[in-house]
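Take this structure first; my questions come after.
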Amino acid sequence: MISYFILNIPSAIPWFDFNRINVLITLAVFFCFLLYFIGRAKKGKSLFIRRIAGLDAIEEAVGRATEMGRPILYIPGIEDMDNIQTVASMIILGNVAKMAATYETPLIVPICRPFVVPVAEESVQQGYLAAGKPDAYDKNSVRYISDEQFAYTAGVNGIMLRERPAANLMFGSFFAESLLMAETGFSTGAIQVAGTANIHQLPFFVVACDYTIIGEELYAVSAYLSKEPKLLGTLKGSDLAKLVIMIILVLGAILITANILWFKNWFFVQ
Amino acid sequence: MTLVEMIWTSSAALLTLFTFSYLYKDNPFYKFAEHLVVGVSAGYFAIILYYGSFVPKVIDTIFKQGWWYYSIPAALGILMWTRFSKKFSWISRFSLAFYMGIAVGVSIPLTLQNYVLKHLVETTRPINFTSLNGIWQFLVVVFVFSTLTYFFFSREHKGAFGVSAKLGIGVLMIAFGAGFGLTVMGRVSLLAERVLFLKDYLVELKYFLYMLFKYGILL
Amino acid sequence: MGFYDRLMSLDRRWIYLFVAIAVVLPILLEEFGIPISIPPYVTPEAKSVYTFVHKLQPDDVLFLAIDYDPMAMAELHPVARAILRQCFKKDVRVIISALSQNGPGMAEQLISQTAKEYNKVNGIDYVYLGYKPYPGIVIMGMSQNFKLFFPKDYYGNPLESLPMMRKIRSIQDTKGVIDVAAGMVADYWINDGAGRYNYPLALAVTGVMAADYYPFLNSGQIFGLVSGMKGAAEYEYLAEKDGYMKKEDFIANRSMPIQTFAHVVVILFIVIGNIGYFMSKRKKV
């Protein structure tokens, strides 16, 4: 086996590529930011994250459903639990379940993947427990529809048309079915709040929904709600990395305009 | 076109029409077409995976070439299936850790290099207000900066920062509009191709029926 | 309900009807002897892909990655076909892979049909590798040595038995890569392929994906970008001008009148909807 690989891999591949040392340093700095903030969060130090405007939109949607006496429909996307967006969605679901329990508004959660069902049930149950109403939890609120993308979409559209929820909350990973669901929800007159990190689907949500949580805001919302140290620390670390990138951008533009090349060249990867 | 080809092409045309019937409302014909495509693609992929990957990488290597060490990754792969068992699902974590370790180790430096550093370098170009390119370059820097401020969560969007964030969301909406337009173009392309297929099919069908009639098969 | 409110809440089936008319109209006009031909405006990014292939010499080797499945055939088959025809006409040799799971059979059909037209022989003028899962790792492997992942080609021939592969060890021995892709595979080519091994890479992607790849074009990570069916029409147009294709062989260009009419209808409805929105908002104020 070893001789097979020795014969078949070019010998010119170095053990350490010094041309990419800038990538290593950048990576090391970024990891330091993450580890620092995760450490701070674990020690219980307060880490400020601004309140995302989408949270107000979620509360407004839940409030409207309560006023109209109609259910809330929560769609956690079509991916499995290995997708970080589904994980973030489950955290938001717990919070929505708590609000629904507080206001005694029915909650419907259609699920696309079998593995997500127990997690969703747990999130909803925890939400009802946090609101002090564990007996009000209805096991049938979490429903497995279908693994298949458009069969799931047809099922969700059917729920929207039959049960007429007043609020549709769509958080997670969506693909081609996003516009189908958002359009059907729009046609029923429901207030719609959506959030996804799938960039291709964001235009459809922006057009068809009342409020859209864009990309990384989905993770920020889940970090804000859960206060989980790893999530908070990661968010703060990536914020610091973004700040550094913004500074490099402005500084780099100024220096290159002044014909000072060494700064930009340091970041150049061969 | 031979009879067999005409039968297959007719099936394709019929399934296209079944799928289009969804435009009116959901119906059994559409459901049939949808389930057929899901089933066929799943079955096709299973066979491709078996003969293209499993046979050469597991069966041929271990049993025909005698490279017993290939059984180690094969075992790791099989252990992934233990995640379906409540009692033994902890075993799948070893396989997952191995797989994720390699995937993360390979992809993170490359992602930083190709998605961050290279774009950062290209965004920092000389700015001057005497040429269109120079003004455009200035706008690019401003737009990238303002979009990054929108996704900065450690500070409230107030004051100058708030103005920058508002500009950022405006830039995002322009980008979404471009994406939306391209998506519409893509979907219309798919529709156009299907309509042309149906048109070509009708022409072929007309000729085929004419030939059948001509040779007395169809009276 | 006021006029403007009615504009905003128009039944979607009216939109379907008008789009259907827009799609059928150019076909009917052609049948009645009024063909509509709309020469495409050739974008620089599509032209650079065409020029790259145009400048290749006989016996040069190009790597063509056909990474889409039948769902994206409408948008990407024309450009893949045009590139293959151009290569075969110029006696440029082609190595082809198909890293999309439902695409290998479709790619094989395209390759064998086009090769037959130009009397090209498998193993001498082209090699079709086929499909292997996990595109990122396969691309890295092919960039080092084809035999790591493809000891045999799609038809079961050992790679060392193919005359064309005797001097070609990896992608780095080819002139460059053109990836015709409909999914994440394009990202793997940028990240794990050209980003790691620095060979020339161009993309031909669906319309939906095209907007995402312009930053890579600006940064030089790809040298060209063919976007959707419009890009394919541009490529076919250039290929026909230089004699690689005939007008009768056009696929994407046939769809351009339909595309144009349908876009006009969509734009009209967007304008109508926006007029309805702003006027009804004004009325409420």
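Letters A, B and C mark the chains in the order given here, with residues in each chain numbered from 1 onward.
Here, a residue touches a chain if its C-beta (ideal position, glycine included) is under 8 Å from a C-beta of that chain, and two chains touch if they have at least 3 such contacts.
Small disclaimer: the values here were computed from a predicted structure and weren't measured.
Student: Going by the average position of its CA atoms, which chain sits the greatest distance from subunit A?
Tutor: C
Student: When you average C-alpha coordinates per chain, which one falls nearest the overall C-alpha average? Tell me, please.
Tutor: Answer by centroid distance: B.
Student: With chain centres taken as the means of their Cα atoms, state the distance from subunit A to subunit B in Å.
Tutor: Result: the chain centres lie 20 Å from each other.
Student: Would you kindly tell me how far, in whole Å, the mean C-alpha position of subunit C lies from that of subunit A?
Tutor: From the centre of subunit A to the centre of subunit C is 31 Å.
Student: When the centre of a chain is set as the mean of its C-alpha atoms, what distance in Å lies between subunit B and subunit C?
Tutor: 13
Student: Counting only residues that touch at least 2 other chains, which ones in subunit A make the list?
Tutor: 199-200
Student: So which bits of subunit C are touching at least two other chains?
Tutor: Touching at least two other chains: 208, 212.
Student: Two or more other chains in contact with one residue: find those residues in subunit B.
Tutor: Only 113, 118, 121, 179, 183 qualify.
Student: In their complex, what parts of subunit C are in touch with subunit B?
Tutor: Answer in residue numbers: 13, 16, 19, 23-24, 27, 69, 73-75, 101-102, 104-105, 130-133, 136-137, 140, 151-152, 190-192, 195-196, 206-208, 210-212, 215, 218-221, 227-230, 254-255, 258-259, 262-263, 266.
Student: Spell out the residues on subunit B that touch subunit C in their complex, using ranges where they run on.
Tutor: Within the complex, subunit B touches subunit C at residues 23-24, 41, 44-45, 48-49, 52-53, 56, 103, 106-107, 110-111, 113-115, 118-119, 121-122, 175, 178-179, 182-186, 188-196, 199.
Student: Going by the contact rule set out above, which residues of subunit A touch subunit B in the complex?
Tutor: 1, 20, 22-24, 26-27, 30, 48-50, 52, 148, 150-151, 154, 199-200, 202-204, 206-207, 214-217, 220, 235-236, 239-240, 242-243, 245-246, 248-250, 252-253, 255-257, 259, 264, 267-269
Student: Taking the complex as given, what residues does subunit B use to touch subunit A?
Tutor: Interface residues on the subunit B side: 26, 34, 38, 67, 69, 108-109, 112-113, 116-118, 120-121, 123-128, 137, 141, 144-145, 148-149, 151-157, 172-173, 176-177, 179-180, 183.
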